[in-house]
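Both complexes shown next keep subunit A, but they swap its partner, so subunit B is in the first and subunit C is in the second.
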Partner chain A sequence: MKVLSKLCVAVALACGAAAAHAQYSDNVIKIGVLNDQSGTYADLAGPGSTVAARMAVEDFGAAKKGMKVEIVVADHQNKPEVGSSIARQWFDVDKVDVIVDVPTSSVMLAVNQIAKEKNKVLLDSTGGSSDLTGKACTPNSIHWTYDTWALANGTGSAVVKTGGNTWFFLTADYAFGHALEKDTEAVVLKNGGKVVGKVRHPFPSSDFSSFLLQAQSSKAKIIGLANAGADTISAIKQGAEFGIVKGGQQFAGLLVFITDVHALGLDKAQGLLLTESFYWDLNPQTRSFSQRFAKLHKGAMPTMAQAGVYSSVLHYLKAVEALKSDADGAKVVAKMKELPTDDPIFGKGSIRQDGRKLHPMYLFEVKKPAESKGAWDYYKLRSTIPANEAFRPEKDGGCPLVKS
Partner chain B sequence: MSEIFGIPTQALFGQLLIGLINGSFYALLSLGLAVIFGLLNIINFAHGAQYMMGAFCAWFLLKKLGLSYWWALVLGPIIVGATGVVIERFMLSKLYKLDHLYGFLLTFGLALVIQGLFRHEFGSTGLPYAIPKSLEGGQNLGFMFLPNYRAWVIAASLTVCLGTWFMIEKTKLGSYLRAATENRELVQAFGINVPRMITLTYGFGVALGAFAGVMAAPIYSVSPLMGGDLIIVVFAVVVIGGMGSIMGSIVTGFVLGILEGLTKVFYPEASNIVIFVVMAIVLMIKPAGLFGTQR
Partner chain C sequence: MTPGSEATAAAAAIAGEARPSARVDEGRSLRIAFAVMVAFFLLAPLAIYPIFLMKVMCFGLFACAFNLLLGYGGLLSFGHAMFLGIAGYVAAYLAKEGVALEALHIGAVTLPVGISLPPFTPELAILSGSLAAGVLGVLVGLIAIRRQGIYFAMITLALAQMVYFFCIQAPFTGGEDGIQAVPRGKLFGLIDLSNITAMYATVFVIFVSGFLLIYRIIHSPFGQVLKAIRENEPRAISLGYDADRYKLLAFVLSATLAGLAGATSAIVFQLAALNAVHWTMSGEVVLMTLVGGLGTVFGPVVGAFAVLGMENYLAQLGAWVTIVQGAIFVICVLTFRRGIVGELSRWLRKPL
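Up next, the complex of A and B:
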């Protein structure tokens, strides 16, 4: 429960000669994995993200290149004040150079400001709010894996186009839920749909029956779940009990991770449409990465959030290597934007001026139990949204870094 | 359609019923706490963890032994209750002479350890547990769709709560228990094995928590955190009802469930704090709780 700011692993030891040339701050590149280690979002990011970060350091070959990389981990408990104080402690006292992962948009946005103030780096994989590359963008942060705009654009428009034109939102009452609701509502309205109601539930919640009843009496065709993790699972599970789907209404899970589908079971999750930027069974590279990951993480396949941590750490190390320095956060991020990205997770990609990492997004449908060949075989690919359409156009975000 | 405060009456009835269902869990859990506090003077902070263990027990029985929900409903409380007996025998029994705080610290520590172990083993997302076949589906009541399982929860919880109240307040066994809390030595002098009675009482209180856990398994995800999330609210319920008051904990459990349900309609954002607001107000007016007596 308490903040366990613990040193997890010293991955590489510098070999004498090479270390003499490196000019890394205090000779160590220190990566802080800041996420929810024990709560609602612990399975979709949590310890798995640490595993992914460690794999990235290993695959980069830091030890061979004479770079000393250390990973530290802490639990922000999904609370902005806890996250902020860890971030300050890390930057000021523990000499952490970059913070990665950071689920929970409210925490992400708080850490974002601190990273800028201290001129360090934030590579956010799991936080959702598209504000990170909008009005809150900074020269020190990159939004890596997905964002609320991309989710809304993927799932929202697909659902409206297949006839789901009246919506009721079940929204987690904090920054992420609000952003997801706002972005999805815009997509729904743009495609000619209508929003007939919304209710904001406390985060996290375990009982959704009351909210589901309100959604039911709204008669909306689609119940949009603007929440994540255990909240989404409970809502869908309890929705089945109240006969939501049998009554002709449908859920749209706006942010669903593969761990959520795993927890729901295919008979409850089947048919769900969802948007993700990564699935373990996409191609030979993702499969080989995921199988290595699963071996290190109790047999669980990586979520897009965890895969994103791998990808972001790898690219960060490439940029630091090219710069031969990790001292100036803004310079490292500028270098990261300059270099093209390439990894087994997302393939080739790039990073925009506003800090948006670009890669394709995928619209998946959850398989029926009969279609699945076994554990973790859950998704069917419905369509691929190319990188240039997957994310909000740079000019619409209102990021001050973008020169028009 | 008629309306009350801008909410259609029908929707309101639905929410009242939902509140009653949640109240069933509050009542069951706070009852277990009240029994333990009333008779042992121990603030059992491990109650949430024991509730969670009940749910996990159901999951295990189904997954590993293929035993159905109904078996779990009987075996779950017995198994978890037995662990309670062990805890009382070897740990809690050493603390009765000491301040309340020690029992509280011990059970709080136990709760953290148990939750941590389960989290380490099963992760935090939770495991699926299906509603038993015979209770699937639901009734259309006109104003709402009532799942059969939830109706069963209300009925079972009411029966168990009232049964427990009856046993403690109206039977001979109950009178021994109550007498033993008043004056342990005197009751022992009459030839009653008080330590064993206390051990079994703790086991029974824990079993009540586990029973609630088994009932919760099909509704909520079976997850290591399910108890930790709930226990704080349940403590507030116990405090409002009056520490140790059996009837108080039952009535406040149901009433606060309904109150919370109504808050979810009128101002959903406040639904997770309304119980604590009530607690603050009650403590200001009646520091011993609604049904409690000053000790």
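Up next, the complex of A and C:
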């Protein structure tokens, strides 16, 4: 059946005009959005990322340019072996050319290997591990929106520079938390700050009271939350009950998204410091993009992860258009690195040899309820970290693609 | 009277099953079902994506190993993921890194060891993984089989959680990221497993051998005694069987076979990650066994196919996947409680 339909397509092409899209594998550029559609990360990526990918295809004007672009979606349920079998099936059977988004580091790194093996493309927006541009880097992947190093660095340096010079760490007791703490501590010390104490909490944890009391009595100006997801949310909630922020201390979240702030509410989250690469209310371009997005996505503003999906798909299509082919994944990625990036999300930027997309990062502070003018008006900008300082220097990552 | 037939008779006496005439029939229907299964896994790759089928075989074997314990031993382990997971980690680590142990530090004492082995070939990695699961099975089994029912389940769950936290912290597991990019390597140093047909054949052979081994165990005198213990433990003890020894042996066998499944899937998917040791995986194997049919020979394989099929093919539905999955399970429990194969076997009046 498959052979027959391929034959039909071939005959049709031979008879018809030699259309411009004839070079694309199977005549279609197929984009696979692989993420968590129903679990922990469904709000910050999930269906919103699919909306963002669709918007990118539309804004690129694929249909007008005679390029046929198709989007497929799957839920990897945060399980690496589900993610990896979907990715293999997409590449082998469904002829998907590029996989985007991919939260959860273990799934991201698994898909990364498969994309390299099959010479396809991975554009990662939501997955955090900075290993993707370090020892796990491949010529087939780009880390788009942020990574844990950038968050730790941004929060660490910018907070110290704006006055938060004494720190206390509340760290999730496993490799991820330790890495986050280590990276941030190094930056804090380098910028002249001081770490007055740290405490490790079990992962996952629901009762933070004893840890918060230690943090409170340390008198540190900043309490760094080296954890993620539900742990961060519980710590901030319980911190509000202990009156930590009212007592003059501030939380610095090392992995917090705007949807987490939305879930917490300003009352609980006020004063929280965090680093993101995108906020909907930054400038006229981000505002107009975000309002269009919100209309398509139940009124919710895009997270940086979702905005990153838009930006990465747009740039991918530009590179494919320039190459007139999507067949060779490594070539497409090389083209993407060669072309400068420009979009309403991150403005002008570039992509480094190790696959790191460069753009500024921002340190935000969550507004007090009285300062907020309405729904989703959550952040005020504390400082901007320029693109050349925002990410880990290329030589420190240990990516084999970088020739010293 | 041989010890074997004595055990069979004892089990039959206790369970009140298996008339001699029915036993001949049982053998035939099971042979037919087995032939159907083998034919399915041989022909299916033509129509169904082979990697998915390999996953079904790995998890089918896992569920069969679990069913050996629950369906035939009456022991509900709620921590079977630990065997699957630990074997996966050991196999993945050995296949990727090999062994490089210069000295062993125990407290203040340092023992010079000086073992250095290159990365293992896949068959050795899989064997070492299964062995690790077996050793863990002995340790856990010794503690767990002292209690029954809910207490047994709770002890296995608690121990599995300890293994989970160990895997989060231990340096060799890679924490959240897991062990990635595990090479498939060359089987016996000869056959390149990155070839999908070779990989499929290997998994098929492992699956069928594991399945036949479990079938043999169930239908051996040992299996009969196990069933007798399941039905009425005090009575089995009064007949002179050392129930604890039988239960421990069943536990270790089940753990080792679960490990075999875990180690194989680590080589197939080229990764070992935390979710394989998470308690939800232990729950999933219970589901597979229940959906397929508890205490049936083929049920767990069918159950694995059903559960994984949902996970894989419903993934395209996006946010709906968990809702649809939930609804299907509710229907399953409400309408056919014996599981798919259990209902089928009742309808055919043949044991499957």
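What we mean here is this: the second predicted complex is superposed on the first by the 297 of 404 C-alpha atoms of A that agree within 3 Å, B and C clash if a C-alpha of one lies under 4 Å from a C-alpha of the other, contacts with A are read in each partner's own complex, and residues count from 1 in each chain.
By our rule, a residue touches a chain if its C-beta (ideal position, glycine included) is under 8 Å from a C-beta of that chain, and two chains touch if they have at least 3 such contacts.
The structure displayed is predicted, hence computed values, not measured ones.
K.L.:
For A:S105, decide between first (touching subunit B), second (touching subunit C), both and neither.
P.N.:
second
K.L.:
Considering only the touch criterion stated at the top, classify A:H315 as touching first (subunit B), second (subunit C), both, or neither.
P.N.:
A:H315 sits against neither subunit B nor subunit C.
K.L.:
Please indicate which partner A:V73 is in contact with in the superposed arrangement: first for subunit B, second for subunit C, both, or neither.
P.N.:
In the superposition, A:V73 touches subunit C alone.
K.L.:
Now for A:K120: first (subunit B), second (subunit C), both, or neither, which partner does it touch?
P.N.:
Neither partner.
K.L.:
When the two structures are overlaid on chain A, which partner does A:H201 contact: first (subunit B), second (subunit C), both, or neither?
P.N.:
first
K.L.:
So, A:R392: does it touch subunit B (first), subunit C (second), both, or neither?
P.N.:
neither
K.L.:
Report for A:A136: first if it touches subunit B alone, second if subunit C alone, otherwise both or neither.
P.N.:
Only subunit C is touched by A:A136; subunit B is not.
K.L.:
Quick one: is A:D173 in contact with subunit B, with subunit C, with both, or with neither? Answer first, second, both or neither.
P.N.:
After superposing on A, A:D173 lies in contact with both subunit B and subunit C.
K.L.:
Please indicate which partner A:S84 is in contact with in the superposed arrangement: first for subunit B, second for subunit C, both, or neither.
P.N.:
second
K.L.:
Go through subunit A and flag every residue that touches subunit B in one model and subunit C in the other.
P.N.:
After superposing on chain A, subunit A residues 38-39, 42, 46, 173 contact both subunit B and subunit C.
K.L.:
Which bits of subunit A are touching subunit B when the two form their complex?
P.N.:
Against subunit B, subunit A makes touches at 1, 38-40, 42-44, 46, 173, 199-202, 204-207, 209-211, 213-214, 216-217, 229-230, 233-234, 237-238, 241-243, 247, 259-260, 262-265, 268, 298, 300.
K.L.:
So in the complex, the part of subunit A that touches subunit C is made up of which residues?
P.N.:
Touching subunit C from subunit A are residues 37-39, 42, 46-47, 50, 72-82, 84-86, 88-89, 92-93, 105-106, 109-110, 112-113, 129, 131, 136, 173-176, 203.
K.L.:
Considering only the defined contacts, which subunit B positions touch subunit A in the complex?
P.N.:
So the residues of subunit B in touch with subunit A come to 8, 10-11, 14-15, 18-19, 21-22, 112, 119, 123-128, 131, 137-138, 144-145, 147, 149-150, 219-221, 223, 225-226, 229-230, 261, 264-265, 268-269, 271-272.
K.L.:
Which residues of subunit C touch subunit A once you look at their complex with the stated criterion?
P.N.:
Interface residues on the subunit C side: 49, 51-52, 55, 168-169, 174-178, 180-181, 265, 269-271, 273-276, 311-312, 314-323.
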